[in-house]
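In what comes next, subunit A is part of two complexes: it sits with subunit B in the first one and with subunit C in the second one.
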Partner chain A sequence: MQSNEDLEPTVRIRELKKDRVNFVLGNVDLAFANSLRRVMMADIPTVAIDMVEIETNTTVLPDEFIAHRLGMIPLISTNCDEAMRYTRGIAKEHAKFSPCSAVSFEYDPYNKLRHTTYWYETDIKGEWPLSENAKEEEAPRDDEPFDFNAKPNKFYFEVETDGSLGPQEVVMKGLAELQTKLANLILGLKSGPEHDMVANDVTVNGHGPAIDNPWTGGATWTSPANTSATTGWGGSTSPSRGGGASSSWSSQPTPSGGGGGWGTGANAGWGSPERRSNGWNV
Partner chain B sequence: MNAPARHESYVLEDGEKPVELIEDTKIPNAATIKIVKQDHTLGNMLRAQLLAMPEILFAGYKVPHPLHPYFLIKIQTDGTKTPQAVLEQACTKLIGTMSSLETKFKREFSYKDIEGTSGGVTASTGEDPYGTVGGTGGGAWGRGRDYLDF
Partner chain C sequence: MAEAVEKIKLLKSSADLSAATYQIHDESHTIGNSLRWMLMKNPKVEFCGYSVPHPSENVINVRIQMYDNASSIDALISALEELDKVCEAVEDGYLASLREDKFERWVERT
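Our next item is the complex of A and B:
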C-alpha cells in the first residue's frame, strides 16, 4: 500500500512569472508526478509553421534552413485545440510543437532514498552542493539509518514555456490531457469487440467535445473546469495528419474530406459549431 | 530511412483497437492488456496505481520495443475482481486524483493572479501578444471569452 493513497494531492506555487511557474507537488507518487512532467512536455497540442513554400530565395541561407527556423518560431497557441483544425501538432511529431522550453523536476534533494549515487573524490558534501529545494526538507542526521520503505512524496517542478502557451495553460492542459488519456482507456476497456469504437475520434489527444463529453459530464470526478472555454477539450480532429494543410500540397487523398488547404470549406478555420457534433456523442 | 512516421506513435490507424485483452491461460485471475498508441506516460502511472490497490497480486508493464507504439500491462488479481475491472478502477481513481489536483491548481493560480505577481495568463502581463489594438486585445482570453467572440 502506498502512503500517498489516502491523502489528497497538494500543490504550492512558489513562483509564477509570465513564462514560468515553479511549484511543489505533494502526496502523489513518483509515477504520477513523472507522467505529469511527460505530458506537459510532449502531449500538449500547439501550432507551428509546418509547411513552407519558397518562391524565390535570394538569401545566403538555403531554403530548408529558413523553413526549419520558421518552424521553430513559437506561435501563440491558446485554445488552438478547439479554435483550429489544421497544423496543430504535439511534440511527439516534432519537438517544435512542445510548449515547454524546459521542465525541471526534482525530488529528495538530500538523496535520502538513495535513488542516485554520487561520485566523489574525497568529500561528498563539499563536492555536491545542495539544491535550493533542500531548504524545503529536513536534513538527515549523519547517523540516520536508511529507510528502505520510504517513498518520494514531494516533487519540485519548474515549468518554463516558450511563449506559445502560458505556464498556467501548460499545467492545466497537461492535467486535462492525462485525464483524456485515462478516459479513452476506460472507453476502450468498456467497449468490447462488439461495440464499435469511433476510432477516428478517440485519437491522439482525443479532444472530444467539451460539453457532452461523458467523462466530464455528471460522473463523480467531474470538475467544472473541463467545460469552460479556457480548459475545455473542444474540437476533435487529430492534429497534423494528412487531412491538414499538407494534403493539399502533397496530393495525398484527404481522409477527412474537409476541403483541404487552409480550410476552405464553409466550416473552415475557427471551429464552427458543426464540428462539435463530430465528437463522441452526437 | 526505415523510421516509422512520427504520427504513428500516437494516432490510431483506421479501425485500430486502442485496447486488446489477452487472458492468461496458465495463471488464474491474470491478464495481459495491450494498450496501443500509448507509452510510459500512461503505463507507469497505471502500474503504480494498480500496485497501490489491495486486490492486486501483480502488476507490471513493459514497452516491448521503442519503435512499436504500444505497451503491455500484466495484471493478476486475488480473484475478487477481474483484471479489466481493476484496471478500470485504477483509471477512475487516477482521474479523480487529477481533477482534485486541477481544482487545487486553479485555486493556487487564482491566488497568484490576485497577488499581482505578473500572472501566468497572457491577459495579465500587460503585453499584447496578438498585436491587436483596442478592446479585443490579448487580454480577452483571460476574461472567460472564447474564440467565437473574436
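Our next item is the complex of A and C:
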C-alpha cells in the first residue's frame, strides 16, 4: 500500500493531436489528479469577446443572442496572461473563458474500488461495457475479495481544447497555475510573521491583539498576493467590464490616450480609483 | 477597491499554534483537497480537514492539528512546498514523455 505512494509521479502521453492530448498520470493521489483537472478546466486565463455594442440589428436574432454567440468564439489566447492586461478571463467567471471543450478523467475502469455503483437490470457485466482504459489494467478475478485499503493510482486524462490554446499549453499552463496558487499561499504564510506569533505569547483563542496585528496589519502580508495576476481574477468583476464604459470605446480611438477609462487605468493596476469613478462601480 | 483581504488568515488556534484553523481566500477544492492530502501524509499531523463553508463565498477553511505541539504553520508551509514539487515532477514527467515521442501525433496537411 505504501509502495505506490513513494514512487515518482509518472506521465505517459498516449496521443497528441491538434486539439487534444491523451495521457496517463500515475503515482499521484486522486486529490492531486483532480486538482490538475479542475485547474485546466477553470483557472487558465483566455481571451474572449466580453462587451458588444450593437448600433443597428436587422437580423432575426436579438442583440443579446448575438452578443452571447460572439462571446463563445474561441480566440487564440497563447500567452494572453503575460501579453494582455485587461481583456482576459477565467472559466470561473464565465464558461466561455475555458480553454477546454472537454476534459475526460477516469480511474479504476473495473470499479475495483467501488467508488461508483452501477444501476443494472440483471447483470452488471453484460449491461456496462468496459472503457478502453480497462486494457491498461488487470481485470479482477470473479472471487476477488474487496480490498478496502486500495487507492486509485492511474488516472486517464483526455484534454480536448476549443482552439483558444493548444492542448500542450493547457497542461503546462494548468500545472503552472497550480504552482502559482501554491506559491501565493507560501508567500502569504512566509510574509506573515509566524515567528512573532509564537514568541509573543499568544492568547488561547488566537485573537489577542498581539496576534491580530502582525497578521492583518502587515503590508508585506497583504500586498504580494494582491499584485499577482491570478488572485486578481478570483473575486472582482473583470476590469474591462467594470471600467470599460461604452463611452471610452467610442470616444477613444487609441486605448493609451489619457482621460478615458482605459487610458488612465493602464498603469494603475486592478483597482485604480480612476476606473471606478469613471465606470460603473462607483 | 474595498479593504484588501489577506490571502490566508488564522481563524482560531491554540496558544502554540499546534492546532489551528486557517481561512484561505479565493481558493476552492482545487487547492483544498490536495493540500489536505499532502498534510495528512506528514506523520506529525494528527488531523487535517478542510471545508468550503458556503458555496457563494470563495473561501476554504483548513483545520490542522499536530502531534507533540509541533507548529501547524511549518506543516502547512512544507505541505505547500511538497505539492509544488509534485507539480514539478508531473511537469518533468510530461515533458519527458513528450521527448520520448511514443504516441500518436497530429500531422499538419498542407
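Convention: the second predicted complex is superposed on the first by the 187 of 282 C-alpha atoms of A that agree within 3 Å, B and C clash if a C-alpha of one lies under 4 Å from a C-alpha of the other, contacts with A are read in each partner's own complex, and residues count from 1 in each chain.
The working rule: a contact is a pair of C-beta atoms (placed from the backbone, for glycine too) under 8 Å apart; a residue touches a chain by one contact, two chains touch by 3 or more.
Everything quoted here is computed from the prediction, not taken from an experiment.
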Of the partners subunit B and subunit C, which touch A:23 in the superposed model: first, second, both, neither?
both
A:169 contacts which: subunit B (first), subunit C (second), both, neither?
first
Once chain A of both complexes is superposed, is A:178 in touch with subunit B (first), subunit C (second), both, or neither?
both
Could you say whether A:189 touches subunit B, subunit C, both of them, or neither, answering first, second, both or neither?
both
Determine, under the contact definition given at the top, whether A:115 touches first (subunit B), second (subunit C), both, or neither.
neither
Touching A:31, do we find subunit B (first), subunit C (second), both, or neither?
both
Looking at the overlay, what does A:69 touch: subunit B (first), subunit C (second), both, or neither?
neither
Quick check on the output: what are the common subunit A residues between the subunit B footprint and the subunit C footprint?
5, 8-13, 15-18, 23, 25, 28-29, 31-32, 34-35, 38-39, 42-43, 168, 171-172, 175, 178-179, 181-190, 197, 202-204, 215, 221-223, 225, 270-271
Seen from subunit A, its contact residues with subunit C in the complex are 5, 8-18, 22-23, 25, 28-29, 31-32, 34-36, 38-39, 42-43, 168, 171-172, 175, 178-179, 181-190, 192, 194, 197-198, 201-207, 211, 215-216, 221-223, 225-226, 231, 234-236, 270-271, 276
Per the contact definition, I'd like the list of subunit A residues that touch subunit B in the complex.
1-2, 4-5, 8-13, 15-18, 21, 23, 25, 28-32, 34-35, 38-39, 42-43, 76, 78-79, 82-83, 90, 92-94, 163, 166-169, 171-172, 175-176, 178-179, 181-190, 193, 197, 199-200, 202-204, 215, 220-223, 225, 228-230, 238, 240-241, 255, 270-271
Under the stated contact criterion, what part of subunit B meets subunit A in this complex?
6-7, 9-19, 33, 35, 37-38, 40-42, 44-45, 47-49, 51-52, 54, 84, 87-88, 91-92, 94-106, 108-109, 111-112, 117-122, 125, 127, 129-130, 138, 141, 144-148, 150
Please name which positions on subunit C make contact with subunit A in the complex.
1, 4-10, 12-17, 20, 24-31, 33-34, 36-37, 41, 58, 71, 73, 76-77, 80-81, 83-84, 86-91, 93-94, 96-98, 102-106, 108
